[in-house]
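Shared between the two complexes below is chain A, which has chain B as its partner in the first and chain C in the second.
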Partner chain A sequence: MQTSLAKKICIYLGAALLALVIALPVLWLFIMSISSSTHLTTLPLQWWPDSPTLENYRSLLIYAENTPSQSFLYAIRNSIFIALAATGLSVAAAIPAAYSFSRMPGPRRKNLLYAVIAIFMLPPVALVLPLYTVMSALGLLNTHFALIIVYCSILLPFTTWLLKSNFDTIPSDLDEAPIIDGANRLQAIWYVILPIARPALGAAVMMSVLLAWDEFFYGLLFTNDIRAKTVTVAIADLAAGRVADYGLVSAAGILAAVPPVILAFFMQKTLVSGLASGSVKG
Partner chain B sequence: MISYRKTVTAWLLLTPMIVIILGVSGYPLIKTVYYSLTGAKLIAPDLTDAWIGFGNYIRALSSSNFREAIWHTTYFAVISVGVEMIIGVMVALLLNEVFVGRTLLRAMLILPLALPTVVNAMMWRLIYNPDFGALNALLVQLGMLDAYRSWLGDPATALDMVIVADVWKNFPLVALIALAALQTVPKDLYEAATLDGAGMWNRFWRITLPAILGPLSVALVLRTIEAFKVFDIIYVMTRGGPASSTKTVSFYVYQEAFAYMRVGSGASYALIVVLISACLIAGYMYLIRKHGEA
Partner chain C sequence: MSSISLSNVTKAFGDTNIIKGVNLSIEDGELVVFVGPSGCGKSTLLRLISGLEEISGGQIHLGEKRVDQVSASNRDIAMVFQSYALYPHMTVAENIGFPLKMAGKSKVDIAAKTREIGTTLQLLDLFDRTPKQLSGGQRQRVAIGRALARDPQIILLDEPLSNLDAALRVDMRMELARLHRELKATMIYVTHDQVEAMTMADRIVVLRDGAVEQIGSPLELYLKPVNQFVAGFIGSPRMNFWSAKTDDNGRLALPSGMALSLPCPLGAQQAVTLGVRPEHLVLAPDDGAAALTGTVLSVEHLGSDTFVQLHCGFATRVQTEINVRLAGIVPVRIGDNLSLAVATMDNWHVFDEEGLRVKTEK
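For the complex of A and B:
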């Protein structure tokens, strides 16, 4: 009884500590975002603003030319467009590939699958120089198109692998039956596999969007103004500004974090089971 | 005949993926190898790419700055991944117990994971701010520190502070993977062990750890591969400074190629990084093949 009480106290202390460690930094980011910059540069530091303000959010979200709102809103637009287009392209190419890997295995295709995964794990510095010179020669630097294509090097191997391991769990009788009846493979994928694999498809789309939204390296190198700069690059710019307005930077960070955080919480179960199956089954 | 047609179909279905991968990864990788053997400059890569053989590599390996960058990267990867594994497993053990608020706490783990890397870096940079940062204020107000410090401005602490920020973002990944593995361990195994007189410590080493070792080793290798690529968090928090104390290999390649415009030698640095990563990736491949065929 005594040990069990001690254990209980340990558990609750640990849980409280964990909650604080996770919540405090983000809470402070939020508090900074609703503080004026004079308040944040007053010493000694106060932990709550006398007059909380939404001014930082207003100056980011209400469009006006040649202000932080211009670069920020354009960056949000660019990020949404690029993330969705790159995800669409990757998933469209990954579905038939995953089906082929799953249903028509062969030794050479198996090696190809491992090669694709290995390529996915290469550091981007291994690919960035030729990608840059090619994009530059084609006049594609600072366009959405360049980032959409380049992001496929990250998203496509990942989605292919995720979908392949899910297709493996679908009994193959289900899609062999219509093929014996004369349907072709694409029809079998479209009418049989995809409806069953809808949760996995959702997970693949979500993870791809998260990866693309988070990407920074290529975005930094391939874009240079509001036409194509992504939100991660815009935030790095804001943070590096000479007269850094801490409140404004924090508000931009919060806004950029909202879409992925909502997406991740919303798909929590899928995310966790995806992580788990990815590591348990390989 | 049928099997021949099936093979053709199999490759046709793979074609879109193969074309894209060759375009965005295969060709660039080969071209990087080519660049690394030339003196190409960023301004006119095709005009000045005189063939110089292994010159770049010889210079790269004899450069003490680059060796230092490799050391920083190794230090970053080993310490951050090591701490993430330890904290991650401890958190997973905690969340595997039954208590009020467990579901909420598990959901909170998603927050650092979902926060964009750049936002995480920016958040910690503000917290560490030498003049107005929350860390200084907190430690001074609690009396644990006499005067404000420049956490990221001091070569002695900068890299460790970056590691703290990285650990905060990534320990939940290890925790979630370990937790999922823990939940597959049968409860009666513990009861039997307890009846046999095994203490908590013994049960952890004999039952828990062996059960989660597979998924954990995959997480370990995955995180190490990721940590070796580290760039975003360095760029936003320190730009490799102060005094190059946080300059990692990815940042080094970035500077060589895009600040000093030396594509040829940048490519040779990049390929040395690839070689190191390749060893880690081979380890990962070994693990997933082993698990896949078991």
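For the complex of A and C:
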């Protein structure tokens, strides 16, 4: 299909606009993060600081007791642990769930599937009170475990749906063939279905980690000190003091984006690979 | 040890009966073809034997062992799928070796066995490719190779050639026949292509609406179809049918007026359906009595044969046109009038009102 020049220009303009909208705030965040706090409060504002400084990063990354760095570094650790654990658990549970929803349909399973999505639609506010009561009764407030459980309940419906719709596209011959070849159901999933669904699996992991990483509401309510506070809450804390140091907040924002970016970088190949892999027949 | 027997096997999906009580026994080393129109249940029957579907009733035995409650992975049956169902993320070698891996064989054994199969099927050069890098015929051979990996005693093939082009299909057909001779494995082959069925089968099972219509050797089905359905299904172009009625003496006359003295007992005033295959109609000799006369509607010259469609204005007809297959090149043109005869009385098929073959005396 030939695209006309005008059409091409429009497409590129649109892409450029989108890139600007997404990139500009990040750029501004970065500029703020390398500016000193005096700089950020003097008028008129400058586009680029006269003396860029990494002081903000230093004060976040070099550990010292009772400083922002302590709460920030602990929060990063908490966030990584909680996000990975919640993702691991929810994907591990979503694989068999999605497989059974996809391959063994029935009225009861179908209803369950819709129940799951209905619960997924509920706003967190609706669930936070009962959850809080339960967690408090179990003595789990301000622990990693509480957040992992809560995040699993958010991630599981999402990953299950994502994987189910991907499994649906895999021809059923491809899980019957390994059975004929002497594999049991779990082996068929492990050796055939999962490798084929690898891009979807990658997407599920990626999105789950991001969802858990970015979560703020439950993190704010269920944690109260460095033992369990997540990075979103820690950043908010930086801004919530008597004086908000915007340079510090910005640096924390940039740093908080680093782990997901690294993850995305390594997952990129998985996400793309196999998308084009051969189907069953010619 | 690898005979298969089905007794009164049924399968229902909900209230719909797909397989309606099939009895069948397949000898060790036999190649049996399931044939029938689409939706007749032939693939379902294959899946019941493989264990991919559970039967609703009846019993299946492989050798002496009853297997209908055994899971598919433990029946030790190999199967070639219509779609080939190759594992897209594995190389050809890994695909062929997969059943061995599942059987817990050592890497050395797997490599040796896959090489052996690769040699037989001429796949060695392709061992490092993935399925998407293969042509249809190559994929087909990999699928067969995977089925052969475990030295199965029973191999099921579900329309294995239907995705190949015509020339390749003939080659693969011969290759499959050769493999069958070499392996001496019991094979069940499902197809809707009656040429495949006729050329490959030791015995053919004709299915319709989930029931067996006839079981027999290809020639048995061709020469003595038990009913009108089998008669029409086997043979191409299909058999010509028209209805007729005996006179008060139980004799049959053709529309042309020619009397037929068929060697089968018919009552007076009995309605029957007469059948004759297109290839059994020949041009009537100038002085002989014609069985049929009609106007040529269309002619297809194939060189080896000439297909003619003839319009014979019968009063009581099942079909309007009569198909004729004349050997060699025959100078016929549209609009010509043709007189045809039937070579021998054995070439007539007579079916009663239920469509069942009226057996000849003797």
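Heads up, the rule we're going with is that the second predicted complex is superposed on the first by the 233 of 282 C-alpha atoms of A that agree within 3 Å, B and C clash if a C-alpha of one lies under 4 Å from a C-alpha of the other, contacts with A are read in each partner's own complex, and residues count from 1 in each chain.
Just so it is clear, contacts are C-beta pairs under 8 Å (C-beta built on N, C-alpha and C of every residue); 3 or more make two chains touch, one makes a residue touch a chain.
No experiment lies behind these values; they were computed from the predicted model shown.
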item	value
First, second, both or neither for A:Q187, with chain B first and chain C second	second
First (chain B), second (chain C), both or neither touched by A:W28	first
Partner chain(s) touched by A:S4 [first = chain B, second = chain C, both, neither]	neither
Chain A residues touched by each partner, larger count belonging to chain B or chain C	B
Contacts of A:P96 with chain B and chain C, given as first, second, both or neither	first
Chain B versus chain C as contact partner of A:F217, first or second or both or neither	first
Chain B/chain C common contact set on chain A	279-282
Chain A-facing residues of chain C, complex	50, 52, 71-74, 76-79, 81-89, 98-99, 102-103, 130-133, 135-136, 139, 146, 149-150, 163
Complex contact set, residues of chain B against chain A	6-7, 9-11, 13-14, 16-18, 20-21, 23-29, 31-32, 35, 42, 45, 90-91, 94, 97, 99, 101-102, 105, 107-119, 122-127, 129, 131-132, 134, 137, 140-141, 168, 172-173, 176-177, 180-181, 184, 214-215, 218-219, 222, 225, 228-229, 231-232, 235-236, 249-250, 253-254, 257-258, 263, 266-267, 269-271, 273-274, 277-278, 281, 284-285, 287-292
Residues of chain A defined as touching chain B within the complex	8, 11-12, 14-15, 18-19, 21-23, 25-26, 28-29, 32, 40-41, 43-45, 89, 92-94, 96-97, 99-101, 104, 106, 109, 112, 114, 116-119, 121-134, 149-150, 152-153, 156-157, 160, 185, 210, 213-214, 216-217, 220-221, 231-232, 235-236, 239-240, 246, 249-250, 253, 256-257, 260-261, 263-265, 268, 271-273, 275-276, 279-282
In the complex with chain C, residue positions of chain A that touch it	171, 173-174, 176-184, 187, 191-192, 195-196, 198, 274, 277-282
